[in-house]
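What follows is subunit A paired twice: with subunit B in the first complex and subunit C in the second.
On to the complex of A and B.
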């Protein structure tokens, strides 16, 4: 980056428009900007694919919805076609494909994801945003918690000077990580909610209560979050611990670890600054990728607990072939992954100085 | 073996050997006394005696070189002296007296404090003995900080900065190197940083474990010169571990030849090179290429023995070109005896009488 600023400073101001172009080019060539442009490109490409694929299926979401309503309210087949046409016009589905595409991209730039078909007249933004809060609130917190606990556990497990009893922790962790999260969820529900009745069976909050910022409501939300949180934490601690333990053991064989001992450093310093610091690098890559996918990664867990998160909404949207909501969620997922990768690209050089930034 | 590390490349081997430090300041004080030192590795197949009954003495200011083939136990001995042997290896017996204290009897924390302050390791710095995610200055400072007494006041950042710059200057590096990461340095620079760390607390004994491997010959020479200058500046003793006979001949005052975990010959460099007593040492010296005449390189046929399954009798007998029945059957007990002042050779080869 210093090279970059030097390059900019060295350009004489009197040279006029050519140097302006040069500066612009050099800014465009900056590592962060390049990564950001790539991020935009990925999002655009993914959105285009998302736009095309549902239209290849040949299904008519409006008709599907109307048929469903018709069945629910007793046979009312007459006039269905006209009704479908009216709604298609409302949703803009009667226009030529390229106009639809142009509108779609235009809306996307304005972050307007359209209107839900199944939950009409609620907007997709509204639905996705609300469920995203639940998902990020629970899954985000829990994923980071599992990462921290698992990495710590793995760091100690892979440390030769650890206390002896720690090795008995490893086997249960391994076993737990082999159980699928939804299965662990069901077991937890069965024991703690169904048999013992200590915790609620499902949902993000009690159906009777109204979402508000009162103490009772917060406690209620937390009580609902305990079981899904445990299901996820327990099944992913093992995953992080195994990875970290392996990396720690690899680090032990490095020359700089022997040298750290030969330098007579204190054990704590060798552990933190030499072993963990180096073993952590691949873990961070893993975390960024997992954070990008938490939005969907927990569809099954959210389903099991009927948790009002993105996973649950996605499940319902697919069932009702509400492709505006599906598209909205998929776009959010793409954004999530692309954003996580972008952040990783930008932050990783800070963690590992060997990943040098090419400012050619 | 690389020849051009010898002071003047045009000088032949035979002449170079005579280069003996005229201005060496070797005191009468014994800096290091190693007695019957043994490092064993316990494996499922049995005990591997990687370093067996090694005894040696180093005077303050002396340069001692440990040579031998790969797997002869040089590094095992060096690491054992620092008590850095890792399981399944362990120090089986023996004593290591450093400045009057037996380091094998120190507590772990006392040993930790002894390292770097009295006994420093200069590793193969060109490899990755530096932490890749820490700046050079941090890696020099942390050793200093971890050796502060509780009573000492912590030096300020500025003082530490000065110390780092001074150390870098002494090993011939620019002060700007302090802010760099290891991957931004060349092999020779990394080796210099490794030396800067090694001398940071003015140790009495520096163990340099093949400090010039993976470096080209020009840099090798510079590194050895720097190492020698630093050692003389500190009046420290040095134990150089290596297998480059040419380099050793030029650098060291005394030399110890190891074979299969045992010391087979110890003596002043000039004495050992001009009048080698052990067959293995003779063959090692013969294998050096000569610049005077063009001749085929001579090697030592065979391989070092498996340390888990040593041959009966003299360990070198299977590769010895002229072993007697006594050597093979082991009628002669192994062990060093003095043939001339300071020159010790394994009994087997002395008794052989063929030398």
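On to the complex of A and C.
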């Protein structure tokens, strides 16, 4: 424990910028490179799993989809032969497995996710990245907001000298965190959009307006984002609050807390600089761990709100059994989570002086 | 030891102390429930709901869960005049496809819990085995399992399930759905249980058992597993909750079994027919309430079990 306090005390703000550069360089030498290699490994193994799954079932979703369309007849029929040929050529489905695998990985490296079946000849990249903007915009804001609010709430809840009424906030927070985000979304739609009519019922923007960078459109987009955002924020605040509260309680018995108290520091200072500062770190690790849950939760929230993000596209693709769009979305999400976890891990030493010291 | 206890009980009975015995037996339970209210409240919520569902099974005609077995779009009513002149009661109303929603609620709730239990059992069994193999034998096996787990954590189970389900190309029965979810969600329990086993294998009693020549299997089954049961139970509850969440998600996005009246499928039909904008609150409220009760009770049970399995958490503010 003394080691820890020493480490914290030994990185005061007065240190020159040259030593920071030195520390950063030394981190780069071992830690980041190692972590980056692991990131590549995760992405490779995940894409291999994604490659293997369709081959295990012994069915060809592409052929099945084409057959289905042929049986249905209709507008798609004329393009069938051309499409089949394109796919055979594009993915070399008649070639040996290892060639297919090599092509698949090669395409992935070039970030080429293939061509949509249902929206032929649009590419999957085109479709996914258009919706990804909506998803990232909503998720980025909301996750950061929930993280800050939840951590703050947890910090106060785990502080012995908090105002007494605060403990009554805890139970509702816990209950909210147990409700799936999209169900909370349904309740919010019913109250605020259907009953009160304050906010729009669904969509990312009004059907009548065209996406542009005018003031009206921005307001429109924000109005549409409020309900999905609140659905996610409300149900994830509890998660962060629980974790932070637990860590705050754990700091109570620590030597440095007693020392801070003995030095006669003000309560606010002990709270911010000693308790919260130390309790915060596992929260960041927690963020890396729940990214997957957050994004799948949001996929369903988008479905409930018909929000034009990845979730809505995924639903459309499932309904039209558009295998390549589904696979593309899975790959993009896995890549996103791996990348975010990598970045969090790399930035973590900047937050935690103990690890910074150990690495240098 | 047991002899001692039984003679003690005999003495109490011979002293005419039935009341006293009851008091001594029940008091600890009462005291414990005061100290750990979340476990008791959670169990009470879950059992209470199952109780009502059970009564429903006995006294209500659940065959009307099928579409077209009732008039459509009927609000909750106790006396609806049918076409043939008789009156029928639909206490929970009906949906746009003519399902009796009370029958759907009675059948759907246990069905969803069943998916969760199957998936949770599969996930915990696989996770525990992987955790013990990794943590006990260490070395290369540990490294391999750990990287699989790390990759698994980066791939949301729901997405893998979507890929698998699309490729199977047919609807899964509820039991198959449960097994599939279990197969994709064992990595998290594997990770947490592994770290518990790692701590445990350094403990003195395990060391002692090893020194006295117990085999690896013997140590795992006689020393470690019994001590991990509280922890494993707590993670089982967490896994069940996660599996129910995954199953409802999969069903809500349109990959469930269309003929099953589970809670997730009811949510799916609600989204599909936009029941909220139709003002049919009686359609979405019961499944939503049931899901909320399930999650809140599972959450309370798991935090209650945490308190039981990890006494260090008892340090309260």
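The criterion applied here is as follows: the second predicted complex is superposed on the first by the 279 of 360 C-alpha atoms of A that agree within 3 Å, B and C clash if a C-alpha of one lies under 4 Å from a C-alpha of the other, contacts with A are read in each partner's own complex, and residues count from 1 in each chain.
Simple rule for what comes next: a contact is a pair of C-beta atoms (placed from the backbone, for glycine too) under 8 Å apart; a residue touches a chain by one contact, two chains touch by 3 or more.
None of the values given here were measured: they were computed from a predicted structure.
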{"item": "Three-chain arrangement built on subunit A, subunit B and subunit C clash or fit", "value": "fit"}
{"item": "Touching partner for A:228 - first (subunit B), second (subunit C), both, neither", "value": "neither"}
{"item": "Which superposed partner A:258 touches (first subunit B, second subunit C, both, neither)", "value": "first"}
{"item": "Subunit B versus subunit C as contact partner of A:174, first or second or both or neither", "value": "second"}
{"item": "Which of subunit B and subunit C A:189 touches, first, second, both or neither", "value": "second"}
{"item": "Per-residue touch tally on subunit A - higher for subunit B or for subunit C", "value": "C"}
{"item": "Partner chain in contact with A:300 - subunit B first, subunit C second, else both or neither", "value": "second"}
{"item": "Contacts of A:308 with subunit B and subunit C, given as first, second, both or neither", "value": "neither"}
{"item": "CA minimum distance (subunit B, subunit C), superposed complexes, angstrom", "value": "10"}
{"item": "Footprint of subunit A on subunit B - complex, ascending", "value": "79, 82, 84, 112-117, 120-121, 123-124, 127-134, 142-143, 146-147, 181, 183, 194, 197"}
{"item": "Of all residues in subunit C, those that touch subunit A in their complex", "value": "147-148, 150-151, 153-160, 162-164, 166-169, 245, 248-249, 252-255, 267, 270-271, 276-277, 279, 281, 284, 288, 291-292, 295-296, 298-299, 313, 315-317"}
{"item": "Subunit A - residues contacting subunit B, complex", "value": "254-256, 258-266, 269, 273-274, 277-278, 281, 351-354"}
{"item": "Interface residues, subunit A side, partner subunit C - complex", "value": "38, 41-42, 45-46, 49-50, 53-54, 56-57, 59, 61, 64, 158-160, 174-175, 177-180, 182-183, 186-187, 189-190, 194, 201, 246, 249-250, 252-253, 289, 292-293, 295-296, 299-300, 303-304, 311, 314-315, 318-319, 321, 323, 326-327, 329-330, 333-334, 337-338, 341"}
